[in-house]
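Before I ask anything, here is the structure I am working with.
Every chain is named by a letter (A, B, C and D) in the order it is written, and numbering of its residues begins at 1.
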Amino acid sequence: MAGAPSAVTDLLQALVDGLLEGGLLALVAVGFTLVWGVLNEINLAHGALVVLAAYLTWELSASAGLNPLLAGLTAIAVVAALGYALQRGLLNLVARAPVLLPLLVTFGAGLLLRDAMVAAFSSDDRTLVTAYSLSAFRVGGVYLPVLRLWSLVLAVTLTTGVALGLRHTRHGMAIRAVGMDRDAARLVGIPVRHVYALTFAAGAALAGAAGAMVAAVGTFSPVSTDVYTLESFVIAVVGGIGNTSGALAGGLALGVLEALAGQYLPGELVSAIAFAVLLLALVLRPQGIVGRARYSARVDR
Amino acid sequence: MTAVLEVESLTRNFGGLRAVDEVTFSLRRGTVLGLIGPNGAGKSTVVNLVTGHLAPTRGRVRVGGRDVTGAPPWKLVRAGVARTFQVVRPFEDLTVLDNVAVSAMYAAGFPARAARTTARRLLEQVGLATRAGDPAGQLGVADSRRLELARALATHPRVLVLDEILGGLAQREIAAGVDLLAALREQGIAILLVEHHMGAVRALCDRVIMLERGRPLTSGPPAEVLSDRRVVRAYLGARHPGTAP
Amino acid sequence: MEKTGRRWLAGSAATIALAAGGAALPSQPLGTATSVLLFVTLAQSWNIIGGFAGYPSFGQVAFFGVGGYCAAVLTAQVGFSFWAALPASAAFAAAFAAVVGPPLLRLRGNAFSIATLGMAAGTRELVAILGVTGGGAGLTVPTFGPGPHTAYPGALAFYWAYLALAAVSLAVVAWLSASRFGLALRAIRADETAAESAGVATTRTKVAALALSALLAGTAGALFAFQQVVVFPDSMFDITTTTLMVVIVVVGGRGTVAGPVVGAVVFETLVTELHLFASRLDPLILPALIVVGVVLLPDGVAHLLPVPPGAGRGGTPRARPRAVLLDAVRRYRL
Amino acid sequence: MHTTFRRRRPTQILPAQLALAGLLAAGGIGGCTSAGGSDAGRGTVLRFGSAVSLTGEMAGEGKLTQDGYKYCQDVVNAHGGVTVGSRHLTLSISYHDDESSPTTSARIVQQFNDEGIKFILGPYGSAATEAVAPVAQRNGQIVADSAGADNTIFEHGYTQVFGVESPASNYAASIIDAIVYNAHRVPRSVAFVSADDSFSQEVARFGVEEARSQGLHVFPLITFPAGSTDLSSVVTRVRAEHPDLLIESGHLVEGIALVSQAAQLGLRVDGIGETVAPTDPGFVGSLGRLADGVISSTQWVDNWPGKGPYFGTAADYAEGFRAAFGFTPAYHPAEASAACLALVLAIEHAGTTDPRRVTAALSQLDVDSFYGRIHFAPNGQDATRTMAVVQIQHGKPVTVWPHGLEQAPLEWPAPRAP
């Protein structure tokens, strides 16, 4: 393998980079697509939740000296609790309003969170330098940075975990029932307000996991909140709205597409790739690449 | 006299399911054609195909001799094919008057002022004159049906497609409805009546088509079709051998 | 119906004439007033597609940015005078809307909002890549120096320009509200399928509404570009600009004529003045106002006013404002 | 984390509303600039205004610029303030944070004008300076530009902007010269990567020209969105080309990202040259050992030749600054103090605070200083100023070029992190 001509290794490296990158993108997006699919709410604060978790992980492990794993878990818990409060206290007030209103409320909340982070953590870029942040496996000419591998593993386990959880656990069924018809769900005794907040908290927890991973793998700052929100909805649409396993497929697809673009297209075109993908997906295949969008009825409401 | 509406081997598939299979009929001015059959027989699909809400997989639709197959609803309604909806679809936050005025302006092409006078006249005709200023969302079931009819009439139609317009109405309201439709037939409007209420079908229809699982089972005058054994079985299922005839 | 139309136009013209007299304002209040007028135009432009037609576009800033950049390119690269570039930029923005409109307007609800959000972000990336627009480095509208340029007219001239544009926007929406076109848009908002069965060519009507709204937003964008002299992709295509337009219309009253005006005046003045007092808190003021405004006034202030200004003829008599407010919040609560 | 999108310029942080409302305040009554301009100095205080980036992308460099201005104010006032004719005025600089947004810098300068402040100390970065210039031009304000090196600023025909720093064209070119004239194993090929803001692209363009004239093979330029923090796709492409030398033109954020990801993805080059980033204390702070060996061009070093009023020699400046701020200054604070010094000296030479007469004094200014010779070409740019080149050795930037200023020999090929 080591002797493979460099053109091949470069392609392989681009593909590997794409997959590892796609893993993280999927991780960021899965919480967003869950909330959109079930609650028909576009959570424009999703990116802010990701970055908040990254900051909490950074603060807990870098300044408080906590073990990074523990720091990450605490960050996830805090962000999930914040998510629960945001939905229960605020978004439930406009849950039955035209879709535009929750969109505005989450936008406002996201901006509030981001500006609070600027005030609290300043807007410099941060990255968590851990013991193995630079180590990488070398297979032939191809580099596999360890941490990014972990983000792919985490992405796969969490997205499948969420998909299975939705189908087989009691809470999962309650969430899906509320998603399909909240009034009917209420009739059979499901505490809809609680389940709404629970779903949003689950989405926030997933954002937290992504944030913890971002802290370890990449550099982040308050400005990156918008990047993560934009990417989440591109992947949600490409993967199929509300379709958590679709988020994994969408994330990987976008990751590989961008890595290839980064390799073979002029640099500045890369950032336009995601939008081209979004518009194409919305116009050609609103139900996403993983078959029927679980709540395709949502597309027109 | 050419038919106002001609439908030729109309077919529509949803994936593998054939919802409507080779339906053919024609409708002349001032006549009423009944379309009956159990739920799921494909009646509403035929309505959607004829009014442009669905494009046929195969077959042709002609209005006044002109081929309009696959045209969008707004072109069809301007060609003279108006419809009411099985589940009423009022413009809830517009006034009852404006609900009707929209059809007059856009389907019939009246200027704003004339459209509103026509709308007022039609509201009187269907008995909604007193509710003209109220938001349409506040109407009850019967009044909403009257509004649907008024909106369809405001398009100055040649053909009126009524999708179970009498459904769920009290006996007194059905009688009033049948009189109203009979009057429209006298004015020369052709009506395609999709209905379960056999009394209204007998009273109004010149001919009836019986649909079962998307296919035309039989057609003819109402008395003949309604007594046909196959129609009874389609609606009520086969007689259990042991019971009385 | 004709009477209210004429009365409304006369009324607004009078108030605007009065406002023109306020030119003696010192520079800080003049800045606030100018910003309010800009947002009256932007809010009315959003109101046409988001309020009347019920299509909540989240990409209006794309038309604002396209109008602004078109003016910058025409003046900086082609040598137009700004006053010649202004109408061209407005038309270009409308044409841009007519092109991106049809595919987007096939979608509804959240999918439409997200698609327009994506369209606006995509347009920004495109502008940041193109050479002619100066890419990420920005572009300067020539107001000085040897080459063809348009002298900078000063703040007062811009106040009057935004005033005129706000008056035009108000008149357009007032006309729309009383016209056939407005009625068709309201029908589409209420029930698009039924509207099509009533003979409304829905796609064509929606695209026309988007183009009209882009015309207003594009003009505002061109004026804004000239005022800033140097334009950057991030300042012309800032998503928060769209959000502000939307919030102002929501808080003011969707689908009404006066709603956006009320919203713009209340919201703008509040934010700008608060910014002066609690400058340490200032980054948090705007988002907090967005959240509080939307949650407390989901149907907008205009519906609380005793007389429903142009909210559709013959509306039922208004209940007491407080009841209407609580009712709106209760109606949308889970 | 691959930053797929252009990392939003900090305008994203400043809610558009403030940007818009504020920007429109920029339209405040600026029309009536009477010939004399309100003479802010009539009292006993001489007020300068400075829009500087304290938050957002450029916050790191912005703060250093502010330190330079503060140090200038302290030293000038310690020497009894600015002597204008017979009066001694205390220098007072007011700062507003432009949150690294060029449109906000323009608004702040307009607000200064409304408050009667005609003397402006330049914001950080070419984009902000480009946005401020037309405002100053129409208000008759003077901009002492300390960090806007982009040549295009001086091509609009403005007469109110005076830049003390060497033009963008020298940034990459001096790195190439330092290596070619110094290295034992002269590199045969070089790859250029550049952020897409106009300053970085200008720097890259002149760098490519210099590299070709020195006979190096130059790979096609790769650009990336300004402010990107994930350059893995850029590094992968450069690795495929196997250049001997990699030169990046951009600011602090991109500089850090490139070096760390180059290590992560195993890029093999004889050395990396970067503009701006390595001379910022934050660079070594975040990269630690990885920073060693990186080369950068700089406007000033603490053994720069020259001596002048208020600050003495470069060494005196560095010594005084360290005493006041606790860290040895790189070139950002020095060029800021130099811009402030130029404005102060021009006012003293003009003997008045009338902006038009001070502008004339600035255009004729030709004086030696801790920063070397300060004088301006007709278009306001200090066209003849050259740059020095430093290399990070054991965590410290050390001057390696030009001859006569070296504090240590150039280590080439650069030491590779273990």
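One rule holds for everything that comes next: a residue touches a chain if its C-beta (ideal position, glycine included) is under 8 Å from a C-beta of that chain, and two chains touch if they have at least 3 such contacts.
In this text the structure is predicted, and so the values were computed from the model without any measurement.
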Fewest touching-chain hops separating subunit B from subunit D: 2
Centre-most chain, if every chain is reduced to its averaged C-alpha atoms: C
Most remote chain, CA-based centroid, reference being subunit A: B
Computed distance of Cα centres, subunit C from subunit A, in Å: 32
For subunit C paired with subunit D, centre-to-centre distance based on mean C-alpha positions, whole Å: 39
Distance between chain centroids, defined by C-alpha means - subunit A, subunit D (Å): 38
Cα-centroid distance, subunit B relative to subunit C, in whole angstrom: 43
Subunit B: positions in contact with at least two other chains: none
Residues of subunit A touching at least two other chains: 111, 115, 118, 226, 230, 268, 271
Where subunit C touches two or more other chains at once, by residue number: 121, 125, 128, 135, 239-240, 243, 283, 286-287
Contact pairs between chains, per stated definition: A-C, A-D, B-C, C-D
Subunit A-touching residues of subunit C, taken from the complex the two chains share: 50, 54, 56, 58, 103, 106-111, 113-115, 117-119, 121-122, 125-126, 128-129, 135, 239-240, 243, 246-247, 250, 283-284, 286-291, 294-295, 298, 329, 331-334
Contact set on subunit C toward subunit D in their complex: 26-28, 30-32, 34-35, 38-39, 121, 124-125, 128, 134-138, 140, 142-146, 152, 154-156, 158-159, 162, 224, 227-230, 232-235, 238-241, 243-244, 268, 271-272, 275, 282-283, 286-287
Residue ranges of subunit A touching subunit D (in the complex, touch as defined): 6-7, 10, 13-14, 17, 21, 24-25, 111, 114-115, 118, 122-125, 127, 129, 134, 136, 138, 143, 145, 214, 217-224, 226-227, 230-231, 254-255, 258-259, 261-263, 266-268, 270-271, 273-274
Residue ranges of subunit D in contact with subunit C within the complex: 5-6, 8-9, 11-31, 101-103, 106, 114, 127, 130-131, 134-135, 137-138, 152, 156-158, 195-199, 201, 225-226
Complex interface listing, subunit D residues touching subunit A: 1-8, 10, 12-13, 15, 55-57, 59-60, 196, 222-225, 227, 229-230, 232-234, 236-237, 239-240, 253, 256-257, 260, 263-266, 282, 286, 288
